[in-house]
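The structure's right below; bear with me while I get my questions together.
Should a chain be cited, it is by its letter among A, B, C and D, assigned in written order, with residues numbered from 1 in that chain.
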Amino acid sequence: MDFSYIDAIHAALNDSLRDDDRVFLYGQDIGKFGGAFKATKGLQDLYPGRVLDAPISEDAMAGVAMGAALEGMRPVLEMQFADFSTIALNQIVNHAATHFYRTGVPVPMTVRLPSGGTPGSGPFHSQSLEAIYASFPGLVVVTPATVADAYQMLVESIQLEDPVIFCEHKFLYRWLKSSTLQGDGLPIGKARITRAGKHATVVTYSAMVHEAVRAAEMLYDEGGWEIEVVDLRSIKPIDTDTVIASVARTGRLLAVGEAFPWGGVTAEIVSRVAADAFHLLDAPPARLNARDTPIPYHPKLWADHRPTPQTIAASLRNLLKY
Amino acid sequence: MIPLVPVTREDRIDRNDLSGVREDLPRIYLAMLRARVLEDKLSSLYKAGKIVGGVYLGRGHEAVSGSLASYLHRGIDIFAPLIRDQAGRTAFGESLMDVTRTYLGSVEGPMKGRDGNIHRGRPQEGMPAMISHLGSSVALVAGMLMARRMQGRLEGVVGATSLGDGATSTGAFHEGLNTAAVEKLPMVVLVVNNQFAYSTGNDRQFACADLVDRARGYGVAGHKVQGNDLIAVAETMKKAVSAARDGGGPQLVVADLLRLCGHGEHDDASYVPAEMRASGLARDCMQVAEGQLIDAGVFSRSQLDEMRAQAVAEVQSAVAQTQQESAPHPHHDDWRTMYHGELEE
Amino acid sequence: MIPLVPVTREDRIDRNDLSGVREDLPRIYLAMLRARVLEDKLSSLYKAGKIVGGVYLGRGHEAVSGSLASYLHRGIDIFAPLIRDQAGRTAFGESLMDVTRTYLGSVEGPMKGRDGNIHRGRPQEGMPAMISHLGSSVALVAGMLMARRMQGRLEGVVGATSLGDGATSTGAFHEGLNTAAVEKLPMVVLVVNNQFAYSTGNDRQFACADLVDRARGYGVAGHKVQGNDLIAVAETMKKAVSAARDGGGPQLVVADLLRLCGHGEHDDASYVPAEMRASGLARDCMQVAEGQLIDAGVFSRSQLDEMRAQAVAEVQSAVAQTQQESAPHPHHDDWRTMYHGELEE
Amino acid sequence: MDFSYIDAIHAALNDSLRDDDRVFLYGQDIGKFGGAFKATKGLQDLYPGRVLDAPISEDAMAGVAMGAALEGMRPVLEMQFADFSTIALNQIVNHAATHFYRTGVPVPMTVRLPSGGTPGSGPFHSQSLEAIYASFPGLVVVTPATVADAYQMLVESIQLEDPVIFCEHKFLYRWLKSSTLQGDGLPIGKARITRAGKHATVVTYSAMVHEAVRAAEMLYDEGGWEIEVVDLRSIKPIDTDTVIASVARTGRLLAVGEAFPWGGVTAEIVSRVAADAFHLLDAPPARLNARDTPIPYHPKLWADHRPTPQTIAASLRNLLKY
């Protein structure tokens, strides 16, 4: 039997509810309906009273989760789309994220953000907001790219005492499959070398890992280039050591992300490597992001808005030429 | 302290006297019909895979939405539609081609393929282009009206927007309506309680006996109507719009009905309980309206059939024309995000 | 649809019968007095330049805040104070040293100098540490109560929080109160209408006749009281807290009074009109309370004087002790932002 | 007569109201009271009906401003503190910022954010959120460091057709003075060489420009080092040309900011320079930001939380040593 990425999330929620009485789920339409993406399907029946439908009140949802966390629960919030979490920003970044620093009392809550673009979803159902959350102190921000990571990192996130922003990619939900939920056991905070190589390093995360691997395959077929692909897995904290170790092997860095291009993960990666591993670089470290426009509705525009295997490969060719 | 505007309830209206709205009914019904026919077509296009991203219909909302906008004047008033307002959009004068082009992603449409489906508008003609985040339109319309007041062109103007039962739970709805009340703006806020927000029923959305009970807490007038009863709806909207236009400040209209489709066309709405489907709320406003129009001698059945046939033909031709138009092309789009392109990154 | 909890109004209460609250008054008054004396001291410390960042007092709020928290039990209940809740904090059992240490930036305080003034709490003892963003505490308390329900320890518990007239305009207030209503939580939400939000009067803040009119729109019980009348306030709070404790769901209590100080001690409140300063709202709840206590034979004037002298001495000694304590030092602070320090960047 | 930074803002608002009927001000306590920082003092009397007190409804305030802008007005919103603008994030980044792209209709609104730290202000009245706004497409984000820029850039922002986030620094309000409001006429989008130098470049903005100049003076006194200080003035768009021209002269880059350290302006600067001017760098490009914790209340902690002339000088010494 195959597990999809959304199956992995479902299984992680199920297992967490089963194994830990403190866990409960809160979000819009997640009860009987099972959620907009069916991540919670059937769970209300299995765990009565622990899978609760919320009103359309993202700010209050985050406040509720935080309050429940303070009282010893392990809330897992589902935002219907990452884009709607802007409404909850204050409760997340000002209330929950500052709490341990201010009071010494941790806030073990997990906020699931269905993130990233899919064709036809348009400007308000496609955003990747991981960097917004990472900018604020006090949050862990994870961005699983594989089925096993989706499972394991969600289970792990729920068990952390700190607030976690769990960015799951909608494009991977049904498309990405695996025969197992068991991964390599890497903890949150550690990056993974998804594909080993020696000519250049692509550092990326979430859905772009797969696009980067495709680009790497293209370049291998094209000229035998061996591109190393690093999957960050969590963008806060960033596993700078693994990134730099890879750059030490390849001498070339391309940071790829699906989010808007100003600031964000790719800027953080490039500036860390430039600062801490300058002497390892044989070429200027490069970035590739989405365009600096709202995410377009039309699939033809959308496909040109975000990085693709083709544009990643083109960036790599430039990098390899240097 | 500002004196409280009384909450009026008008669930029951004397049906023998249509005089107040008789002359408005043909116009309203035509908008309802065109919307229904258009949306039926959109649904089949979606099911045939011709529309990406989702189709969200206003089936069952036609009477409320169409009536509200029928009392507004394009070029003078403001109408900020939400998800299920095709009838209102049509009544406000949205062209059929704007709809088909946006859904089918024609580059000729008002959104040029950059945005799609219900996320369209003509803001310079008084019809803002909604964003998804529910509740955002309330403050927007308030700001549009405040601008007109400062410009000395508020006289005789009404701004209207519509939201669902679920959207009343947003902070944006609250902040926006409260602001409109403080500014005593000529605004109509229509809340269509279609019993569900996606799959979530009223019992998980709010705890008040009736959403119209909120009016008093904002210091605005409240109106209540059964949303599938065209005559009652028309009378209520007429009254609310006139009250706003005549200086009565914001009007909160709450209409009860049942959404007669899924949340989107991907959703079979199987969570709607059978009793509800069998209740009076589930009566289709189109059928109710047709009965009322025939009874009152406004239209004959054959006239209605003719109108429908014509609406179908119009939609067919708009779709056919749109399908010949180009999709946007990334190399032809200028990707401009700001008026001052030179300030873009 | 959930049956509506009736809105009760109790502006007028029969003063001849104190029996309901007589035994509570000494405790409430003591909290009020301690808060007043403490805050007078904080004001002079601020004016002497010993406190940085601002001092925001609850002068005039002591009766409402102190009464509410006097009906709560530390260790069982939850009290989420806001800006002007020193009396409530004291009544709930906050230690004097927590206050002086936080204001004076002692590293021994509960916030260790990392946060200051009113932004303090003991969340593990049922008193969350407020953030500045108004309205945030409503959903927080709701979540705390929902947790207790899931844990089977909600029985007999009440969660209370307080906000100002201005904070009712936040989306957070609306979303939080609506959520509490949907969950039918044992919660008391106290809205103190002190006529101003910073400098902004009620007329630019809301347009309803009375904020208690909002209760019905949320489907919660509403209570109204004149906030400087200790006996009325005590009776109202007792009733509201008991109703919440006994399964009556959320209780919205609206208390009218006048803030008897500036927004902060930097503000002279010159925007408060003279008529308002001369009105009944401007009567100091401390004086009203003392009159009521003496009239009812609860305390004599000399007992009151003695209590005050003792409160002054306690505050003096707390301040003196705090002033000998160390300020935080950047090299000694571990700057830990997360429980899992190893996950910090 | 001397003008302070807040005088400059007041004058810009006054002159804009005087010269353009489309301008109006909206915000909490800005009417008769003149605003928490007195930026609007007396303006309601001068321009009746055009200086309006708002309820405590940041989301609606931004929605109102956007609506008014669509109808031909030039709203200037005052957030009481930048920190409270998180509540308005949705209306700003999703509604206003996407509007021109979606509809072709511009949204000329200006949002004033009293930003940055002052001693004793604590976690919720000290934040610098410029990078959050810059991350979203469709916004101009300006960050004046001088009295003349505060005046001129605010006048200019109000006249732009696009939404502008105007980050004014509270620490500069009363402390920074100038004998004139007239500046050098640099438009938004152009950086300024505040102090010329040849040994290293500090790129910064807002209050940190002054701290950087102090650090530069220290290093000059210390060893004759000539440090060039670039004031970005606007962080979106970033004047990359001026930054790179400076690095071309000095070969060394330190990017300094007062905001939280993950991502943000300094990462964007360093990664642009590393990508586009790699060959000009004689040393690894460095960054200095605030600590990754909430902004502490106590002045002693606060002073250690953000960059100071001492820590900037220390970073520069490291850079010069390389």
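To be clear about the criterion, a residue touches a chain if its C-beta (ideal position, glycine included) is under 8 Å from a C-beta of that chain, and two chains touch if they have at least 3 such contacts.
Everything numeric here is computed off the predicted structure, so don't read it as measured data.
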{"item": "Chain of greatest Cα-centre distance to chain D", "value": "B"}
{"item": "Chain pair, A-C or C-D, that carries the greater number of C-beta contacts", "value": "A-C"}
{"item": "Distance between the centres, which are taken as Cα means, of chain C and chain A, whole angstrom", "value": "41"}
{"item": "Chain B and chain C, separation of their C-alpha mean positions in angstrom", "value": "43"}
{"item": "Distance from the mean Cα position of chain D to that of chain A, given in whole angstrom", "value": "30"}
{"item": "Chain centre separation in whole Å, for chain D relative to chain C (CA means)", "value": "37"}
{"item": "Junction residues of chain C, two or more chains touched", "value": "111, 114-115, 119, 131-133, 169-172, 175, 178, 182, 204-206, 337, 344-345"}
{"item": "Touching two or more other chains - residue numbers and ranges from chain A", "value": "54-55, 57, 59, 83, 86-87, 90, 94, 98, 101-102, 123-124, 137-138, 236, 262, 291-294"}
{"item": "Residues of chain B defined as touching chain A within the complex", "value": "52-54, 105, 111, 113-117, 119, 131-134, 166-167, 169-172, 197-200, 204-206, 271, 327-330, 333, 335-337, 344-345"}
{"item": "Contact set on chain A toward chain C in their complex", "value": "24, 49-50, 52, 54-55, 57-73, 75, 90-91, 94-95, 98-103, 105-106, 137-138, 140, 160-162, 188-189, 236-238"}
{"item": "Chain A partner contacts - residues on chain C that touch it in the complex", "value": "110-111, 114-115, 119, 121, 123-124, 128-129, 131-133, 136, 138-148, 150-151, 171-172, 175-176, 178-179, 182, 336-340, 342-345"}
{"item": "Chain B - residues contacting chain C, complex", "value": "1-4, 169-175, 178-179, 181-182, 184, 202-211, 213-220, 249"}
{"item": "Chain D partner contacts - residues on chain A that touch it in the complex", "value": "83, 86-87, 89-90, 93-94, 97-98, 101-102, 123-124, 131-132, 134-138, 236, 255, 259-260, 262-268, 270-271, 274-276, 278-279, 281, 283-287, 291-294"}
